[in-house]
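Written below as structure tokens is the structure these notes are about.
The chains carry the letters A, B, C and D, assigned in the order they are written, with residues numbered from 1 in each.
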Amino acid sequence: MKEYELFIGPQHPGVTGNMMYHLWVDGDIVTKAECNVGYLHRGFEKLMESRGWMQNVPLVCRICVPEPDVNEMAYAMAVEQLMDWEVPDRASYIRVIVLELARIAAYLMSIGSYAGSLGIYTLPQWTLGDRDYILDIFEQLTGARVYHIYIWPGGVRWDMPEGLPDLIEKTLSYIEKRLKLYDDVFFRNRVFFDRAAGIGKIPKNRAIEWGVTGPNLRACGYGYDVRKLEPYAAYGDMDFEVVKYPELGDFEVISDGCDAYTRIVVRRLEIDQSISMVRQALKKMPEGEHILKHPNWLKWKAPAGYAFSRVESSKGEYGYFVVSDGSSKPVRIHVRGPSYTHGINVAETILKGANIADVSQILFSLDVCPPDIER
Amino acid sequence: MGLFDGDIMKYEDWNKISRIASRKSLWMVHFCTGCGAIELPPVMTSRYDMERFGMGPMATPRQADVLLITGYLTVKTLKRVVNVYEQMQSPKYVISFGSCPINGGMYWDSYNTVKRLDRYLPVDVYVGGCMPRPEGVMNAFLELMKLIDEGKARGWEKYQKYYEQYKRNQKMAFNFEREKDEGA
Amino acid sequence: MKALELIGKGEEMHGRAYIKSDKEEASSIIKKLKENGFDHFVMLSCVDWIDNNEFELVYHLWSYEHKEHVMVSIILPRDNPSMSSMHELFPQIETYEREIHEMYGVDFEGNNRLTPFMLEGWHDMPPMRKDFDSKKFAEDVFDSIPEIKEEEDEGI
Amino acid sequence: MVVEKIAVIALYTTIAMFVGILFMGVGRKIVARVHNRVGPPVYQGFIDIAKLLTKKTNISHGWIYDLALLFSMTGIMLTILFLPIGGVKLLSMEGDAFLVLYLLAIPALGFALGAGASGNPNAAIGVMRALVMMLSYELPFVITLIALMIYYDTSSIAQIVEMQHAKWAIMIPPFVLAAAVADMALQGMLMEAPFDIPTAPHEIASGPMAEFGGKHLGALMIYKAGTIVAYTTLFVDLFLGGGVVMHDGSVLAYLANFAVWFILIFLVFTLSLLINTSFPRFRIEQAFKFYWKYEALLAFISLIWVYLMVIS
């Protein structure tokens, strides 16, 4: 068949949300890919400029739908930098618990949808069902399932309710039990090896230059994690090893890294890591205040300056660049979403030469999340 | 056309069979237009399981009956949504999620989101909240089933009847600047 | 800080190195930083300082080696702002430049992909500029769209 | 006599379609149970088809698109008629094993014709994949069929069923191997994972079905229901004695055979669903390699084994 054009999205199951890839295909091979985004552009950065420092808190979490807490965290950190605040210890530990639980939820979702893109619909059904138990924890802690608005500049909104640690422990052991089942069905499945190994390779020597971050970078063999490089919240006190490519634990190393298989297995291993971190944080959590006293929200003025904060999300590195001129509203908030590089430049390059059967697999393994590209 | 004219079966009875069947088998388009799509997977999967009521996601608009507007709509998405809606085969229904399609929600002053969906597409059921909880979503589906059963879910007929008005509004949103120039 | 030593100017701001530069010098500074371990390009952002009538472009770089973040800032005039593209240094700058071109109207010479990025059929002024009033625009455009007038009878 | 025959044929095709549509609902229920869900009611298939057939608008893409479905439907009905259901022969004759092989290709071709006429690039890719899939699974399947024909020394499916009265083919060692091969071929015929490549929703938006909607999709679903019955019955006829347990020709035997046939095709279908729920999907060239390399080899071994048994 001669060359033809194919549109993947925005209405297509094989794309990771409301975005579009325009493919030029020769036979089964993609010769050129172009990403088209903007379907979710709400102009957050514009809206934030006309709202006060505290009014922006409910806006930021809408930037990443599967894992909203990282945005709250990054924004809170940037404001704390500007205000020169030191967050109470207890709040830092609660933040770690919230962030890690959100990470588990996001990884369950991304693994599930990746498996769905390979055609095994059992796994998404299981992972998404189990993810709901984590949302139950959030509901008890914050009152909301998806958008928590819980991490505020200066601490967390309220203290942890009594009895929640038991629920968290119960849920974590349930998820651990279920993870074994996922391993048997999917992570040790021969067809999965055949499909995923060596697909969607990011050249290792160019990964950093391309701005690849997070699990995708760790799958290339670089053990870089913002939680280790620039410890925020209470991550400095946590005991964990960064998961990176050749050390894949119980899982087979069947390819030379940087491919869809390694990316998904790294995500799977980081669930284990997050579970252990939540347990550590619960054990080490000190008593004390949970939030600093805020100035009057309507008259809150942040000192002039430039602040940049970065956090590690399940998709990669989130960066918040906040500029203040000393008034009650920010001059500029710019969000660096991890999918900005993964979804556009990296995807456009690595889709070249891929089989159309693998396009959706590659997109899901990069875990592209359009809302943080467009904002 | 004896079957439809009342020779064999009354037109109303025929309609009733159609309604009973379509109530219990609502297929929705797989289109995540906004953040509300995050509460759909829990509704479709093992915790809430909407397949009990015969609902399921469909890959293309031709096969589907229900269009879910999951959250805010940007102008760019609205164009695609209108395309998808027009490709669907009637009877077709629209459910809108969250507060954004009702009155703009928290994006009331955004330059790129459509504020009131009912000016561009006929909406059968609204679900309030940001985000609507899965229970709310399920309730909306059940409400739609009830409306279909009573013959009140007539958004698609409304769209046909007032097609010019809908088209005019859509055009105004798509090419606002050009329209303004012509008007001036 | 390593970056400040390397370039020989700039200041520290909330734990980040902040280097003021200008249009001509910027690309050589960024090249030098890249060669000396600052190999992760974080982002390119633009700030609209309407009172001074200027745009500020901020290039953020991060070094995994030195664990250090550096911002390189460039001031551009607000009228006909233009800058040379740096997408040869880091390929993803192309996308950031596309976004800033669309949102602020800054021109990047050498970038031949400055096509519409997020907005489609946009005719107004670039929306992220401070003098663009989002609220007024929303009222003008979306509130002026009339409701569907329905007839009384419910024959349908 | 002719009228009677036509009546019986009409009855059987209706029953086959009915069973097929029922199986679609039951299948969804079984899959849902594996997913930890409740699942739709077992009669969901009937509701879906009723809904699709009562859709108000109907978009056609030309007469080829309309007729192609009839073409497929005819193909699948003819296939059912040539297969003994519960030992009842409808149109069986000498050499019908070859005929069935040809007939099995007709529905897929009709489907391809219709999808091609819809002009959707996804449909075109899907059709190409469907044709490659057909080419892939037919080789191992034909080899197992030849093995059966050599062993039973006949080319009539009805006779193969009759010869299995004493002992089902699957109880003979070489045919265990052959049955395994045929079961994987069945997986490809039914388009279940790991061979649901032609209709992969994530890759090509459900492929050939992309443009089908309303009444056309309803007809397509009936055709799909027919394929479930036809292919599972073919497997049961070839390896499980067609479900025949009583041979005295009484009404009781008739009913008993029918019941056993029903249970057997249900089991075969369930097995295929369970495989479906536990495997991701192959890429098309991997599926081709799987059938032509491993499956064909196993089929060949069973063929030689049978040949040695026959000549010794």
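Simple rule for what comes next: a residue touches a chain if its C-beta (ideal position, glycine included) is under 8 Å from a C-beta of that chain, and two chains touch if they have at least 3 such contacts.
The structure presented is a predicted model; accordingly, all values stated were derived computationally and were not measured.
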Could you compare the number of C-beta pairs in contact for A-D with that for B-C and name the larger? A-D
Using mean CA coordinates as chain centres, what's the chain A-chain D distance in Å? 44
Inter-centroid spacing, chain D versus chain B (mean Cα positions, whole Å): 37
Could you grab the centroid distance between chain A and chain C? Build each centroid from C-alpha atoms only and quote it in angstrom. 23
Pull out every residue in chain C that's touching 2 or more other chains. 118-120, 127, 132, 134-135
Considering chain A alone, which of its residues make contact with at least two other chains? 12-13, 38, 41, 43, 46-47, 50, 125-126, 129
In chain B, residues with contacts to at least two other chains: 30, 45-46, 59-61, 76, 109-112
Give every touching pair of chains, nothing left out. A-B, A-C, A-D, B-C, B-D
List the residues on chain A that touch chain D in their complex, please. 1, 4-6, 12-14, 28, 115-122, 125-126, 129, 185-186, 189, 191-192, 194-195, 355-361
Contacts from chain B onto chain C in the complex sit at residues 75-76, 79, 104, 108-112, 114-116, 118-119, 122, 154, 157-158, 161-162, 165-166, 169, 172-178
Name, in rising order, each residue of chain D that touches chain B in their complex. 28, 32, 35-41, 44, 47-48, 50-51, 54-59, 201, 205-206, 209-214, 217
Chain A contact footprint on chain B (complex, rising order): 29-35, 37-39, 41-42, 44-47, 57, 59-61, 72, 74, 76-77, 80, 84, 106-107, 109-113, 130-131, 133
Chain B partner, complex, touching residues on chain C are 118-121, 123-124, 127, 132, 134-135, 137-138, 141-150, 156
